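Labels run A, B and C following the written order; every chain starts at residue 1.
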Amino acid sequence: MFNRNFSVSRLPGFGAVAVFTFVMLYLPIIILVTFSFNAGVSQAQWEGFSLQWYQAAFQNDQVRDVSIRSLWLALAASGFATVLSTLAALGTTRVGRFPGQTMIYALINQPLMVPEIVTGVALLILVAFLKVQTGYTGMGYLVAAHTAFCIPFAYLPIRARLETMDITLEKAAADLYADHWQAFRYITLPLLVPGILAGFMLGFVISLDTVVITEFVKSAGQDTLPTYMLGQLRRTITPEMNAIATLFLALSLCIVTAFFVITRKRGT
Amino acid sequence: MAEARERHGWKWLLCTPALIVLVAAASGPLMIVVAYSFLTPGNMGGVEWDFTLEAWFRVFFRRDIFDPDAITLNQAHLGVFGRSVLLSLQTTLLCAVLGFPTAWFIATRPPSSRTLWLFLITIPFWTNLLIRTFAIQEVIRNNGTINAVLTGLGVIDSPLQMMYTDFAILLGMAYVFLPLMVLPLYAAMDKLDFRLVEAGYDLYASRVQVLWHVILPLVKPGFIAGSILVFIPSIGAYVTPRVLGGGRTMMLGNLIALQFGQGRNWPLGAALAMLMLIIVVGALIFYLRWANREEARNV
Amino acid sequence: MGSTGAGVSEPTETGTVEIVIRDLSKIFGQGAAAFHALSDIDLEIRTGEFFTLLGPSGCGKTTLLRVIAGFEQPSTGSLGINGKEVAGLGPNARPVNTVFQNYALFPHMTVAQNIGFGLKMQGRPRSEVEATTDEMLRLVKMEAMAERKPSEISGGQQQRVALARALAPRPRVLLLDEPLSALDLKLRKEMQGELKRLQTETGITFIFVTHDQEEALTMSDRIAVMSAGRILQLGSPHEIYHAPSERFVADFIGDTNFLDLPVASVDGSQATVTLPGGKETAARLPQGYLPVLGETVTTVIRPEQAQTVAPGQGDMDGVVENAVFFGTDTHVHLRLDDGQPFILRRQNIAEAREPAPGTRLGLTLSPGALRVLKG
């Protein structure tokens, strides 16, 4: 009855629920990763350590194809999105209010607000029309769609970086006879690099994750890793999928960690 | 005016490349969807360029095949709407029930370890939604982890059917959207003045009373923001119900996709997509108006 | 003025004891990082008194208040309120209410709801909650603001609401954590009087935490001076001011001259010390301290306890280094013959010129004012 631990911040049962939540959040992922190393096909019985499913994944031509396509698509889309977002951020940040600014914000953030399925079918309609009209069925549609979808994500950290930047530095540069371009080239741009890098990474992860839009825009033979996985999930699943998912997960995790490191360094 | 255009011209110029891509691959197509919802479906997908309200009509009603004047409510569609809204609300509730204690737990850790816990909540948020859905599927499918463990322990004889049920979709959505509830709740709790909690206890409130009369009203903005952040993607969900619901239990997103696939009724699909957008925008407007009112009330 | 009895600090027989604290300590952290916020606290606070915990920031006074309130639990020792052991009980189980430093008014409730909160939580009937709320609103003169939100009233008004909220449940003890520190000077003076009035009217025991020595001296029945987690001296404002037991207390409360002087003779509670210039004078000894003959002891004397006379006519002489005009009085900084500094406070009764630097003055010490500090 003598409780030395009365704490105003404690609420009964909350700690337990929180621990339960964290376990629920990570247990499926841990199981997924664990059984990618299973010697057997079971998702529940450990039959010994093995890399056979990774081997199978690497020897699967289709998996290799879609992985490479996913990576270069993400690279291209986030690359374009980063360049466009950097320009847009320079045009909209630290410039005071100007006519049409709200509309620009709305357009930039639109992909964040509209459900992916709606954007997906909208693109399906447009792309189907264009394919008939132009005869072009290449990857350009996917690159454009992914780029548009990545823009709000790339724009966010770049804008944040710009907003926290000291404007007097550019004034100092101008005072030292730098023209607009030189001030940008030697002052603004180098200071902006962490933001641009963060924006690029965020865009890359988002493009890599995008499945719905890709599903509706892709032509035959343009599967990416997520759409390939989505197709496979209907069939009998072997731990090969676990192996692919684990590799995918590891890649995302690396990028996200790098993103956090970059953005946190910015804060200090 | 000309001078103003001159002064602001370069800002627009810098934004133009991004805006072209956005209009071409995001906003523009959306306008086309609006247009398509008023057209007549073509035989092999696509549309005929004849204006009609038929697609919007068929969103809610159906005509008897043999007697076009016998109009009934489209039970199948209404069922999907109902399920979508209900599942989205349930997901929001489940996320709130799990997310509130989790956010509180993180907010009451010492500052040094708080970053780590926050990072742990954020990681799943940035990892692929499909993979997380896949992970859940592995756990709940008939020969998945839960059934294998329960069978192994002798608790059950035949596997529990969890896949392809509303429950599976609920579980999956709560799983993938939980961080969206925790983060704004945490942000609200982080701003919470703990002296107010102390004042509550000082004035004889029990833990439940402090929670109800002090903590909950003060973190309400985080609650509402989190609820909106979970509700919107839940309403728009496509991947999670497709994987975990199979073809058997559909949500609005799957119904839309169906019209562009086997259904071959693009105008109906377009109208359904607009309906989804209206619900989402409605939720957003509700939120913004609430937030503005709240801001006006607590000057 | 210096005629109050020697450092009596034990509670007198009159009046009942409200709070008893024995061997209390509070340690934050563990091992090498452990921080002793409170050590060996022994304290009795009487029913109905205005008790002040005084000390610089970080001295442990707020921690002690929070331990009494129940926000922190003591690491060791016991804490009794009204004869009941409360260590380990939460704040909601103690007949004690707090006025927080920044008021901690619930921003989502009106002034009236804030004031009625405690009673409502105690499950009192609605009619009683309303009646008491009205009574409290009248008591702090806030009737007109009952339906306002805390963000819609001024700082001074928030202060009154915080007081009313804490008083409404009629606690046995009211804890006030630097409640006046956020107010400007004029409002602070006004609230000092207000607090004293409320305490007298309600008869509730007040425990008041402050770092402001003037506030402590004007309002308190008794003061505990704290430093580094310990209580250094406990006594009435007079005792604390005129008979500081330690150098820290003397230094913290008011301006003080410290003079290191050799002891010429010792006689009971008095010693004779030799002043710079060779004259001898009596100095009071603290209880239980007997210096050795010839030993140099530290003595204290307040700047207002010396008067100027012609050079050679007083107890000692000094040369003016500079003089600072303060309006009601002037501080004259002197250098004594043996090089020790001395500050003299001269009341500006008549419009007099400050003495010019280099002027030689004689100083007469008020009889009985010079005190020896414990070595």
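Annotations
Criterion: a residue touches a chain if its C-beta (ideal position, glycine included) is under 8 Å from a C-beta of that chain, and two chains touch if they have at least 3 such contacts.
Please read these numbers as outputs of a predicted model, since none were measured by experiment.
Chain pair with the most C-beta contact pairs: A-B. Of all chains, the one whose CA centroid is most distant from that of subunit B is C. Centroids of subunit A and subunit B (each the mean of its C-alpha atoms) stand 18 Å apart.
Averaged C-alpha coordinates give centres for subunit B and subunit C that are 59 Å from one another. Counting only residues that touch two or more partner chains, subunit C has 70-71, 90-91.
Residue positions 198, 201 of subunit B are each in touch with at least two other chains. Residues of subunit A in contact with at least two other chains: 8. Considering their complex, residues 1-6, 8 of subunit A touch subunit C.
Every residue of subunit B that touches subunit C in the complex is listed here, in rising order: 193, 195-196, 198-206, 209, 213-214, 217-218, 298-299.
Across the complex, subunit B meets subunit A through its residues 4, 8, 10-15, 17-19, 21-30, 32-33, 36, 45-46, 97-99, 101-102, 104-106, 108, 119-124, 126-132, 134-139, 141, 143-145, 147-149, 152, 175, 178, 194, 197-198, 201, 207, 211, 215, 232-233, 235-236, 238-239, 242-243, 253, 256-257, 260, 266, 269-270, 273, 276-277, 280-281, 284.
The touching residues of subunit A, counted against subunit B in their complex, run 8-22, 24-29, 31-32, 35, 42-45, 80, 83-85, 87-88, 90-92, 95, 98-100, 104, 107-108, 110-111, 113-126, 128, 144-145, 147-149, 151, 155, 205, 208-209, 211-212, 216, 226, 229-230, 233, 237, 241-242, 245, 248-249, 252-253, 256, 259-260. For subunit C in complex with subunit A, the touching residues are 70-71, 73-75, 87-91.
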